[in-house]
Every structure is written in C-alpha cells, then in structure tokens.
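Per-chain numbering from 1; labels A, B, C and D assigned in written order.
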Amino acid sequence: MINVGIVGGTGYTGAELIRILAGHSEVKISAITSRGMTGTPVAEYYPHLRGLVDLQFTDPADQHFPDCDIVFFATPNGTAMKLVPGLLDRGLRIIDLAADFRLKDAEQWRRYYDMPHECPQLLAEAVYGLPEINRTQIKTARLVANPGCYPTAVSLGFLPLLAHNAVDPGSLIADAKSGISGAGRQANAANLFGEVAEDFCAYGVSGHRHLPEIRQTLQIASGGSADLVFVPHRVPMVRGIHATLYARLVDSKLDVQALFEDYYRNEIFVDVLPAGSHPSTGSVRGANYCRLAVHVPQHSGTVVVLAVEDNLVKGAAGQAVQNMNIMFDMEESLGLQQAAIWP
Amino acid sequence: MINVGIVGGTGYTGAELIRILAGHSEVKISAITSRGMTGTPVAEYYPHLRGLVDLQFTDPADQHFPDCDIVFFATPNGTAMKLVPGLLDRGLRIIDLAADFRLKDAEQWRRYYDMPHECPQLLAEAVYGLPEINRTQIKTARLVANPGCYPTAVSLGFLPLLAHNAVDPGSLIADAKSGISGAGRQANAANLFGEVAEDFCAYGVSGHRHLPEIRQTLQIASGGSADLVFVPHRVPMVRGIHATLYARLVDSKLDVQALFEDYYRNEIFVDVLPAGSHPSTGSVRGANYCRLAVHVPQHSGTVVVLAVEDNLVKGAAGQAVQNMNIMFDMEESLGLQQAAIWP
Amino acid sequence: MINVGIVGGTGYTGAELIRILAGHSEVKISAITSRGMTGTPVAEYYPHLRGLVDLQFTDPADQHFPDCDIVFFATPNGTAMKLVPGLLDRGLRIIDLAADFRLKDAEQWRRYYDMPHECPQLLAEAVYGLPEINRTQIKTARLVANPGCYPTAVSLGFLPLLAHNAVDPGSLIADAKSGISGAGRQANAANLFGEVAEDFCAYGVSGHRHLPEIRQTLQIASGGSADLVFVPHRVPMVRGIHATLYARLVDSKLDVQALFEDYYRNEIFVDVLPAGSHPSTGSVRGANYCRLAVHVPQHSGTVVVLAVEDNLVKGAAGQAVQNMNIMFDMEESLGLQQAAIWP
Amino acid sequence: MINVGIVGGTGYTGAELIRILAGHSEVKISAITSRGMTGTPVAEYYPHLRGLVDLQFTDPADQHFPDCDIVFFATPNGTAMKLVPGLLDRGLRIIDLAADFRLKDAEQWRRYYDMPHECPQLLAEAVYGLPEINRTQIKTARLVANPGCYPTAVSLGFLPLLAHNAVDPGSLIADAKSGISGAGRQANAANLFGEVAEDFCAYGVSGHRHLPEIRQTLQIASGGSADLVFVPHRVPMVRGIHATLYARLVDSKLDVQALFEDYYRNEIFVDVLPAGSHPSTGSVRGANYCRLAVHVPQHSGTVVVLAVEDNLVKGAAGQAVQNMNIMFDMEESLGLQQAAIWP
C-alpha cells in the first residue's frame, strides 16, 4: 500500500486525480491540501466523491506529508517549484502535474510562463513523464514532470514518424482541439457556459505555452531539429483532446499503418485503430487511453494522424497515476483499466 | 465467477451494462447477442470497449446461453416476453431491463405498450427489482423486472413520505427531467443533436408509459391509494434524471430530513444529502447512486424532494447489476463503486 | 426617430438590447456606457456587432444623455435606483431591466436584495412593464420596471386562470427551468462550462429573489391572496425558460384551452398553442414570443401550463423594447418580428 | 416584390431559407413543397415560424410555380437536376442549394455523389454562386449553384492568397470543423444527441464530397494547379463552421493582413478582423458574415487563416438570398443585415 499526498485538490485535475486514486487498490490517500478550503470535507466540496473520500482539505502550510511515499502537485504553474526542493530533501518522491519541471531550459520557462524559475537546478534531474518514451527513467525518478495535455496527444501522434525519420521535421503542423476543462477551473468570463456553448474558435495562434514543451519532445525524438506550427482550438465540450497532425512523408509509399502498429505494439495505453478509422474523444472519456489513426489521404504525400485522449486522464491525472505505478513497480495499468463512459 | 449472457447489446442500456460488467471482478460475459450486428466484434462496434471485451455479437436465434447462470435483456419492450419462458425452463435466471415484466396488470400493459402481453402468467412471479423495497424477494427470484429510469428516481423520492403516511397521497406531483439517452438509440429525427441541443421541452403530459409503473409502486408503499401528476421533460444532456417531487404534508412540522435519513440509513446507493442541498445530475454521472435532498420551502406545507440518478446506471444497467449481486449472494456494491465522472 | 441611451452595455442583457435596437428602424442609439470598458468600441468588445454598431462605450459618470428620449438600464441590481431620480428630473423616460423598481414594498426589496432601497418614493409610480396587464399605464409611464425573466413566464402562464378564479390560489406550483444566461455574465465558477454542461440541478429552493415579484403579480391578478411554491432549475443551455405550472382547478370540467385562447386573443407576443402541444424553448430562441400550452392530464383536476420564452428577449431586452414601443406610440411589434433561430 | 417558390422545405436549410425570406421586405413566398408533409401548415411543422408563415406545404408533383420569379431548391443532392430543366423552360430562374450544379465535370459528380448526372448540358451554364468571385455572372444567371458550406469558408480563406500567388499551391491544408446541422436532418444514429454531445471526431479523411468543389474554385483562383488536404471534423454544436487553413508562403515577409484587407475591402459579408484576432463561430450565428483572421505564427513561413461562418446562412440559405438579391438588382444585403445571435 502506498501513501499518497495531494497538493491542490480543488481544480479539475485534482478532482480527477482523487477520483482515480480513490479506486486504486494499492493506494491510500493520506492528505489533500487546499489553501482556500482548509477544514472543509473533500466530499462536501465535491459531492460526486461522497462515500468514497473521507478526508478534509488541510492547509498546505502545515502539511509535511510525514507518512507519504509520494506527493502529487495539482497546482497552478509556479507553485510546485517553490515546495518541491524541501519535499525531496525529506525523501519524498514527486509527480508534478503542472508545467514547472517540463522544460529543460529555465530561460524558456521564464519566457513562456512569465516568471523566473525558482529551482532551475532540478530541471536536469526531472524526468519527463511520458512512459512511452521514458519508462526506464521514470522507474527510479525522484521527480517526474507529468506532460501537458496537448503535448501528450501531439507527441504520441508524431513520435513513430519522427523516430523513423519518415517525415520532413520542418513540415509539422498540429491542429489541436480541446474541451474546455483544459482551461482549468478559475472563474473567467471566457470560460462561462454562455460563452463556450455553441461556439468554436482558435486561440493562442501566435504562441501557446505548450509549444516549447512539444518541440522539446519532438526534437529528442527526431534526433535533431523539429519544428511545428501549433494551433489550439476550444471545443464546446468538457473533456477530450483531438489532435489532427500533418507532415510531409519522405517516402509517400511508406506503410504508415504498420509503422504505428509496430511502434506501439507493447503499449497498453496507446491504441492504434485499424486503417481508415476516425477515433472520437467520446471513446476515451474518463479512460487513460490515447487512440490513434493514421491516414495518407488522396495520395497527397501528406500523412494525417488523428489522436484522441481525455485531457484530464491520459492528458493529466491518469498519466500521473500511470507514472506512479511505474515508480513503485506496480502493474502499470493498476487503477486505470476502467472503460470509457459512453455515451 | 458468474457466467452472464446479454440479449441486445447495441443500445445505450446494453452498452452501459457491458461497461459495468466488464469491470466486475466476479463476472464473465459469455455471450452478447444482436440481430443486426451478428459476427461483428463488440469492440469494433463500440470502440470505447476496445481492449476490454473480446466477444463478437451472436445471433439471438442461435443463442441458448448453455453455460450461463443469468441472462440480461437489454432489448426493446416486447422482446423479453417472447423468450423468457423458454430460458426459465432451461433453469436460467433473468433480469429484464425493459418494461415487459414491470406491471402486474397485463391489461394495463397492453394499454400503455400497445401490444398484448405474451406471458401474463409470469407477471405475478416477476419481482420488481427495486432493492430498497424488494431486496428479500430479489435474492431468490428467477425473474427480475428491472425498474424504469423515471420510476426509480420518483419512487425513491416519494417512498419515505408514503411509507410514513406523511403526505396526502392524492396530492403527488412529479416534475421529471431526463437526459436524452433515456429515449434510446433508435434513429429518430426528434433525438438528433440539432433538435435537442439548446432546447428544453415537456412531452407526454397526457400520459407517459412510466406513469402506471410509478403508480403501482406508490400504491404499494402507501398501503392504499396514491395518484400522481407526472410531467416528463427532455434536457439537452446525455445522461441524468432529476425528479422534482411535490406533495402536501399532513403535518407541516414534520422533520422530513430525519425521516429521509432514517429511511435510507442502511442503503448504500441512496444518499440523503444534508438539509438545504441541491443534488446535481453531474454528481452521479456514471455512478450507481440516487442522491436525494428534501425541502419544505417557505413554510408552505408542501414538501419538495429533489432526486437525481444516472438514468443508464441506477436507472437501468447499474441497478440491474445491483440486483444480480443480490441474486447471487455477492456484496451488493461489487463492480459498482466507481466514483461519478466529474466534470 | 427616438434617441436611446443604454447604461451598462457589457452584460448579456445589454448585448441583447443593443442587438435588438440596432435592427429597430425608428431607433438611434446615442450612447452606451460601461465603467470597465470606457473608450473601447462596442464592436471590438462584441465582435458579433461588427458593422452594425459604431459607438464606443462611455463613462457613466460623464454621461447625462443630453439628446436622449429614453434611457435603458441593463445594470446589476442596485445601480438604477442611484441614478434614476436625477435622469427623471432631466425629463428622461426610463426602462430598468434590473429589479430595482419591480417590488412595490421597499422593505421586501431590502430583504430579498440585501440592501436598502435608495429611492422608495418612486416605487409607487413605477409601472410594472408586463404589457399584457399594464399596457395603458405603460403608455404614459416615466419609469417602467421591466419584469424578471422567470416572473414573465410564470405570470403569463397563471394569469388567465387567476383572472377567472379558475384555480385554488393556494395550490400554485411553478417548476421553472432556465438556461444559464439568466445567471448573467459575472465570472463565477458555478457558471463555467465545465460545471454546467451535462448537468442539471435545482437551486434556491428555500426562496429565490423572483418569488416576491411573482407573488405580487399573481395577487393582483387573483384580486386577493395567491401563493406559490417556486422551484427554479438550471438547464445546460444558454437561452430559454420553460415554466411548468400546476394548480388545482375549481371546476375540473372547465375548458381551459378556450379560456387561454380568449384571454390572449389580442396579444401579439403571447401564443397559445393548440391543445395537446408541448412548446419548446427552441421555438422562441432570439424571438419575443411567450408560447403557452395548457393540459389537464389524466382527469386529475390539476391543470398543467407549459410556458416558454427566451429569457433574454421576452424575459428581458425584447420586452423592454416592446415597452418602449408602447411608450412612444409606435407599432408594438416594431423591431421585434424576427423569427426564432432554429435549429 | 419578388415571388418565390421553395422546393423541399422540411430540412434545416429549407427552414433557414424560410426564416430569412419571411423577414425580407421585397419577397413574397408563394409556395413551399414537401412530399412528406403535403397539406400540413408550415407553421404547424415548424412552430418557430408560427405567426410568420401562412402557407401549407404543397406536393412538388403538382407544383409548377406559375406566378414565381425564382425557385430555390433545398432538396437532397440529385433532386434538382431532375426538375430544373423543365422549370428553366418555363422561364423561371433557379438557385439550387444542393450540389447538383456545383461541379463543372459530370464525371466527377458521378464519382463523388454516386449517381449519373441527369442534365450535364446545364453544368457549363450554371453559375457558381460565390458572389465574391462571380458577382457579374450571377446578375444575369438563369441557374445559380449555391456553394457548399465548407467550400464557402475554405475558398474565402484561400482566395486572397491564391489570387496573389502568395503561397505554394501544392501546400494547402484545410482543417475544417462543422456544427452538426451541416449533416442535415435525416434520422441517422450517428447524429443523435447521445452520439454527438461531448464528442469530437474527424470524418471522411479519405475524401469528402466537398473536396472536388473546393479544388475547382481554388484552381480557378490560382490560375493553374492547386491541391489541398481537406480534413473535416464534427463539432458538438448545431451551427457554425471554423476552417483553419495552412499554406507555405512564397515570401515569408509578405504583409498578409494588408493583402486580406485589400482583397475584401468592398465585400459587405466578408469581414477581415484586426491582426491577432481569433474569430469565433458564435460571432456569426444566424448572420450572413464570413469573418476571417490571418496569422503567420512564430515566423514559420506558414500562413494560418481562420475563417468562420454559419453553415446554414453564409454557408447555405443566406448566401442563396444574397445571390437572389444580386439576380434581381436589389441591395445585396436586403433581408440579411440582422446581427448574429449572441450568446
């Protein structure tokens, strides 16, 4: 049994993490902190957890997670970097679901997140928690930087192509669409139901925060340069990311279906659909799968990859639990094998 | 381990039943039939079940469920009554999720479902599968009639009041609202996204099929007469029922909160919220709970009960699995303790 | 041509008022104020108005509406009561879309709106702007209190019954459902898309602010006492109110269909549907109609009225323009005859 | 006053055409046909048109539109081509909102629409009704082929770039997203609310019917070859198309903002937003505008055009009315200047 602490349990990512951990047979949640809700029972704040979680939120200032094996951060960007060094010193292992430890370059972090990094010395040690590429390092990591939601879908979709040098790394386009829960739970007029429902738009075309994170992963995969045009869009739904990826094939005759099936043959949570498929976000709602389909339409020489995930699960809390399972030598799928909720 | 057969696996109720049973540790699904999809892998038809269900749909005409302990019917009304007698003869136990065995009065069935009943001799034996009132009979039943979605929410909301003669049984009003999945999966222009989204309306005010079923339960509960005005409405969402119930209190000083808490003290899947609460359908999405709150607004002498459930879970497939657990002496909550998916 | 000023143009009600007035052939909008957006072009703030509105928001502190004939308040509750006396003194006529002048009783206002009323001396003069009952007084009014969204639908549904003493005035129940735009545009976590979508709940069962306003209208209509149980609910859609109204008939043989058709025979914006109908909110989206249907289900002695409106149009901005048309002796439907947008 | 006939009034496009024409000051609708609904009042079938349309549906077999000046076809593909020759012979002018006369190449039509063309002799004469490129020919046309919804948005977005040879015509990608009303009103399980809500997916990646139509327009615009990868997606909303367009700039220093503003300077219904904008489909809901924004993100050499329209208005019925206005020498915007409905 692993004892788990959670810093920041009131956002969507925190709520999802609690939901998943509450159903994990080898986990005991010992503490969930929240500055604003200290003293309130978690199940009063989140009625969907009534009967399943018995804790009250505690004050993060008082909370040192004395009997925990691992602490998850489900906090806004910039919080974990303040607290992680102290917790590591106490021997705790950490999975940060925010962006604090995802970029290797502190200067780039400062530029995209508008604040200086407070423990740049940990960036080299932090392991980027995408199990499909870093499983071995995750096993022994003290500090895992859980990937962003867009980066997970976009990276998993491009990886087989880049790893095999199958596409021109200067031709990458990621047209990505996300449900609104990806924007978090802050009260913000732009995210009101009245503004989001029956509406669709792009945003951040000039440069989204997830761009350097994706670029970093793709460059490692390609073993050299890789750049992309990344255009995120907001979909009037709560959960789900659909990434539509485009790249110029080096060899337009390549069997891309076989390439993808081979690459992910042993991955339990990456599911390559049969040729001709169109994965839907509904097929992964609440589940930890990333489903992929790959097309080369109209002999165009352009490969089109369709990748879907639940941004709160494989794009956040589910992947974090997958990383925890790896770190503690448990079955990688433990607590994560529920079917998607459909319809 | 129990071997389970499912007749009619392609509708929403069938899909939900498969999802729940696929995660049930003591169940093996042996066969799923579908006339239209015979030969198609279940996980090809339902991509959200990829990796979790390995069967193909089989032809119900060929399917005698030789090694099954129990067969579920998730078929349109009027199908089970043709096949159930033969299956019972072979020693199988049955849970019917359709309406075929819910009404004790065959003549009323004919009137509300527009067809004569084909095995009225079984109506007396069939046990109405609302565990909160019929748990003992369910244990030994050969044939369980799983309640309708509206009747579950409305009955659970009125039961404590009627059982204690706390309200005038001639004053009952049930203003009920359901997500569109309650209408099933038949292609019907009225259920298209374009007609349902951003729209809200009542329907069937002159007399909905669930009315006699609810009335039958309430009359048993009240030990005499009970009638109600029942107005169902369609909500632009997929899952969830919210029943708002009104009745005149006999004694306007009655502590209704205590009454409800006492009545459901030992029920794991009926959750009485603290006084002043407003349960939301989102708090039970994908979960087997019915959550209730009770109010007496403005000293009006009228009690208002708010009851929510997921129409596909506690209102259908989840309750069916709860009944199965009871029938086979398993923990009643086995396979049903997942938290609701929120947001 | 009438010159119009608008105080508070950045909320949903203000935006809708601008949309309707921009298409009104006899209106020129002279000024739109906003404290937060002073100096910003209205069409930059509201891209859906590009090409149709040429003004910038002005500071309400500097704005005395010198060449206006009428000023609309589309402000939060409690703003108009501070400014209206000064504007009336300058000879302007006023329509307030907020609640400031709806209740005749200043003490009740204080209780329900949590602040003392700042010009109680105007409450007697203010005309409640429901044209179907107060058309004559509206014609000459200096100050019109535009009704709330729920009160419009609930009142129009009960009026024919109360005016004819056809129901027991102690038996009234209003089970009302509203799209989320009724909650306004303030950034509030409870109104985020992630909280509202795929969710349905009641709220304010212990006493909603619209209750005394409705009660006041119904009591006048019944010529005596009238009370009601009022339970509002939140629907996962943007626009639309559906009120389901219940009352005990005095004479269960009464021809309620004829009663309603007679009562509203000359009303252009109240549309009584044929017997057996179920009006949908989609049929009035963006239009100024209230559509009604009336049922007496199952010989129950209970009449059920179904009333729909667009909360932002007949429930707010459209009704305000209807009132303006009456005040300035224009065709009552001018600028208001657009069909609903469907689907 | 123009007399108008409509063939096929029961689909979404037909309903929208009736809505717009009912508010057009110079139009009288003389007849609306429907095979299935002959004899039914239009306003009974479509309650949102109550009070605004007084006709009954008539049988198309009996209907020769004797006093009409123009006939609109809002029928499934393949219907207009059967009837248009006879109507032209009787001197009627025609606007076909279906695909029958959009492609110049009858063989390509057969391939993409799975049936032989029945009057290929008219394909050369038919004018493609995109006013922004064919205004002069539309004025005098007997037969106008109203563009498809995707082709309108994609073409308007690429035209300025191709007309100025500003991009590599072999590098075009159109990642397009449409609300579900674009799929029409046929009862089809794939379009049920339960399947569409909270779901997002691509479809038709291997080759959508709108591809040859778009290609035909782009090739004319580029004065030579032009090809594109076209990936349509389904958005869980009713109305709206968002096309995200990608192309490689020939000169990465080109001022694309100025190029677009110049190109559309005199177009009333194409609205180029300021640099840095992200148009949303909500800003054109119910309105005849196509709003565009143009970006060159991260000095990538790739231009990104964002184009939105209401698929039922500028993408169908509104554009048809715009064409009618041109054909009959009326103000091009007559009946089309309503603001979008927001929120």
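By our rule, a residue touches a chain if its C-beta (ideal position, glycine included) is under 8 Å from a C-beta of that chain, and two chains touch if they have at least 3 such contacts.
Because the structure is a prediction, the values reported are computed rather than measured.
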Specify the chain most distant from chain D by Cα centroid. B
Comparison of A-C and B-C (more C-beta pairs in contact): B-C
Rounded Å distance between chain C and chain D, as computed from the means of their C-alpha atoms: 36
Between chain B and chain C, what distance separates the C-alpha centroids? Give it in angstrom. 39
Express in whole angstrom the distance between the two chain centres, defined as the mean CA positions of chain A and chain C. 45
Multi-chain contacts in chain B: which residues touch at least two other chains? 12, 181, 194-195, 197-198, 236-239, 279-280, 282, 285, 343
Would you tell me which residues of chain C are touching chain A in their complex? 12, 180-181, 185-189, 191-198, 236-238
Under the definition above, what is the set of chain A residues touching chain B in their complex? 12, 15, 19, 22-23, 46-52, 181, 197-198, 238-239, 268, 271, 273, 277, 279-280, 282-287, 289, 291, 337-343
Can you name the residues of chain A that touch chain D in the complex? 173, 175, 177, 179, 194-195, 197-203, 205-207, 211, 227, 229-231, 233, 235-240, 242, 244, 246, 276, 278-282, 285, 295, 297-298, 300, 302, 304, 306, 308, 343
